[in-house]
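As written, the chains take the letters A, B and C, and residue 1 is the first residue of each chain.
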Amino acid sequence: MTAVLSVQDLHVTIGKGATTANVLRGVSLEVQPGEVRGLVGESGAGKSMLGRAVLGLLPANAHIERGTIRFEGRDFLGMPERERRGLLGRRIALIPQDPMTSLNPVKRVGAQIAMVLRHHLALSRRQALQRAAELLAEVAIRDPQRVLGLYPHEISGGMRQRVLIATAFACDPSLIIADEPTTALDVTVQRQVLQLVERLRQRHGAAILFVTHDLGVVAKLCRTVSVLHAGRVLEEGATAEVLTKPRHPYTRALLAATPRADRPADSLRPVPPELVESLWAEAHRIDRLPVAERA
Amino acid sequence: MVDLAVSAPIEHTSPWTAALKRGGPRLWLGGAVVALLLLVALLAPLIAPHDPLEQDLLSAQMPPAWMHGGDASFPLGTDSLGRCVLSRLIYSSRIAVSVAFIAASLAAAIGITLGLVAGSFGGWIDQLTSRLIDVWMAFPPILLSIVLAAVIGAGLTSVILAIVVVDWTRFARIVRAETMVQLQRDYAMAARVIGMNRGQILRLEIVPNLVPLIVTLLAVEMGVAILVEVILSFVGISVAGDTATWGGMIAEGRQIIYQSPWIMALAIGCVIVSVVGFNLLGDGLRAALDPVQRQ
Amino acid sequence: MNDILVRTGSLSFAYPERASTLFRRSALREVVKHVDLAVPRGSVLGLVGESGSGKTTLGRLLVRLLQPTSGGIQFDGVEIGHLGEAELRPLRARIQMIFQDPQSSLNPRLRLAVALTRPLQVFGRLKGRRDQRDRAAELLDLVGLPPHFIDRYPHELSGGQRQRAGIARALALEPDFIVADEIVSGLDVSTQAHILLLIRELRKRLGLTLVFISHDLSVIRVLCDDVAILQHGEIVESGPVAKIFERPQHAYTRDLLSAIPLPDVEPGWLTDQREVSVPHQQGSAA
């Protein structure tokens, strides 16, 4: 079975000359069809950058120094631009973080979903709107016909996120990148949204790369997880394993630093600064190697 | 501590150097032009080859020195009354500069004060001030100055007054809006929590955040003031008599445009250079003074 | 010496939904409804709620950034609910607030030396520039930041460092009571842990009384002695943290608790919830 996504030894930098920053330092990971992979890390770990690289949406000043990305066996980075763009939204989709800025405030919800459908599936306007209504119903929005005619600011944050999820699943993609889609949501809404994502995933059979900083979300949704720090994958494996028997000290430290509602107050342990320092020292050592020698 | 990466003492380049770098070529160019203008205005008696009012009818309408029929003693030629064009251009800068600085500063002083009051008091005070501004802004400035000139007589005072009376609204409106925005910020609320009264908050917290905006507006306003003065002296209701003004020179030059086109061209050139200089300076200052938010 | 430092009685706050005109008084939107709280001296009370619960408004009422529409607030036995600014001023030295986003709660144009000692300046407790720098360095030391940071601007600090600076400023006047409004939301797990432990340590060292506002129940568990659950402006349940977390009585509390994704793999979590389809909700953030 070909992996849906195969990233090998990806090195990405941003900027030039004196202000170059290494954001990914040799990241490798594989996602199988239908797998839900959590990509967990703190800010600056490079998880969003990895998601963008896979979508082909790296910022203009980013360079891929080394490494490959294969999507369904095809060389993603080597593809002509046009072909890559054809895949976006159709075979690879994104659930973005901030529903407020991801939806066009001056277009109605229905029009926005329909636009995506028509772009990729060559449907007529009426067919697209019909399908959009079906999608809204799938994400458990009551009265979808009415919502189609509303503007983004007329619906709540949770609903907006559902619209974005509906749009992501619209063309039955084989891979969905979810970039912290529940971070800004209330915890009860978050649960509903996660349940929804799981249900849709089962129905449409998509693989999901779920980017988050929340270990709890990973535990509930993701079968496997990769832990990132300073652009490197420090640990990966089945979520159940990684969370109960973490092998890397950083994973252990992260778990110990996560407050838990079911544990007494003094169980919280900060991440030891020496650990962070040594991780960064290692990262910078890699930076100093010439590109050809990094593996 | 985890934030060790940022804990090393930042080599603090002096804030001035940093600001100058941010300002870029616009700051340099604009600054140079304005500085030159100021210098010319200040040193006029020293650098002008002739008395700008001195007429020499025998040398009327001479072309610039490098053209056939020109004379080195009148580097840019003479007008129809035999007055040295170069000297008149130089002395005109005094009018331009005094109008620019005095009128702009007064307009700023009034506008900023009223803007702060309206923005911070809100309620009926704001309503009143805003309506006042609306009504006032509806006045066509040139018309107003003509009326003023009729009432208090032509002259520099009425020009300055006309500019101040119209343009204070521009400052007031922008400062009012920005004050309201800043007062919504958390730091303004934090200031209230520590017991600062309205005056203290405005003076110590808000105004420092308005400085970049105000400085920029001021620079641009100076350019505007010069233009207004030029228009008014073109029409003949600025300074009295045959005091040299660019506007006056444009008007006179227009009469003899076929015989001595350079008079009008040079005067217009001076106006353009001055106004562009102030605009560039304003633009450069805005970039230079707004570091903190840009990061 | 009063055992309860802060007490509220039927505290309410409402504001008009639209600006009233001459002809029509606008309907009032009640954000805080008849809230009764009692915060013992030296304790930490957690205020939990989702968006729209009114917790931020309640926090601002407690600090008298807002004036209650009705009901009372007592601070150390003194009724402060309807005091004017002049009378409130001396009390302000004892009641402080730490804001959620230090990016915006620290004046971007002021160096820390000035920003942190501003409270002292306002109360006339500074004795010149040397004193200002010394006090600023002391405050930074309290929160674990190096003294040379006094010359930095907020944008020259990391998120966690900024939050510490915000905490330092709240401590400048040596207050008795601090309201912390979502101060660790948006921070990384490791940074959050540091800040929480810092707050715990400061509370013990300085004998502070705290009201800690958060939407994150796990954070509340770590820091608070008591907790009050807010929904739509009302307190639906309150009590000691252990009791509420282990034996929640109210349905909403139970919903909240079960919705927290703990970092344990739990196969039924995603599927065994009753299907809740989402009705159209006007414009709220949830």
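Structure notes:
What we mean here is this: a residue touches a chain if its C-beta (ideal position, glycine included) is under 8 Å from a C-beta of that chain, and two chains touch if they have at least 3 such contacts.
What you see is a predicted model, and the numbers here were worked out from it, not measured in a lab.
With centres taken as mean C-alpha coordinates, the chain found closest to the middle of all protein C-alpha atoms is C. By C-beta pair count, the most extensively touching chains are A-C. Taking each chain's centre as the mean of its CA atoms, B is the chain most distant from chain A.
One inter-chain figure worth recording: chain A and chain B are separated by 52 Å, centre to centre, where each centre is the mean of the chain's CA atoms. Averaged C-alpha coordinates give centres for chain B and chain C that are 47 Å from one another.
Our note on geometry: chain A versus chain C, Cα centroid distance of 32 Å, whole angstroms. Multi-chain contact residues of chain A, defined as those touching 2 or more other chains: 270-271, 276.
Counting partner chains per residue, chain C shows two or more touched chains at residues 188, 190-191, 194. Shown for chain B are the residues that touch two or more other chains, namely 1-2, 5.
Per the touch definition, chain B reaches chain C in the complex via residues 1-3, 5-7, 9-10, 12, 185-187, 189-197, 200, 204-205, 208-209, 211, 292-293, 295.
Of all residues in chain A, only 42-43, 140-143, 146-147, 153-159, 162, 185-192, 194-195, 198, 213-221, 239-240, 243-244, 253-255, 257-263, 265, 268-271, 276 touch chain C in the complex they form. In the complex of the two chains, the chain C residues touching chain A come out as 50-51, 159, 188-194, 196-197, 215-223, 245, 255-266, 269-271, 273, 275-286. On the chain C side of its complex with chain B, the touching residues are 63, 65, 85, 88-89, 92-93, 95-97, 99-101, 104-110, 118-119, 122-123, 144, 146, 148, 151-158, 160-161, 169, 172-173, 188, 190-191, 194.
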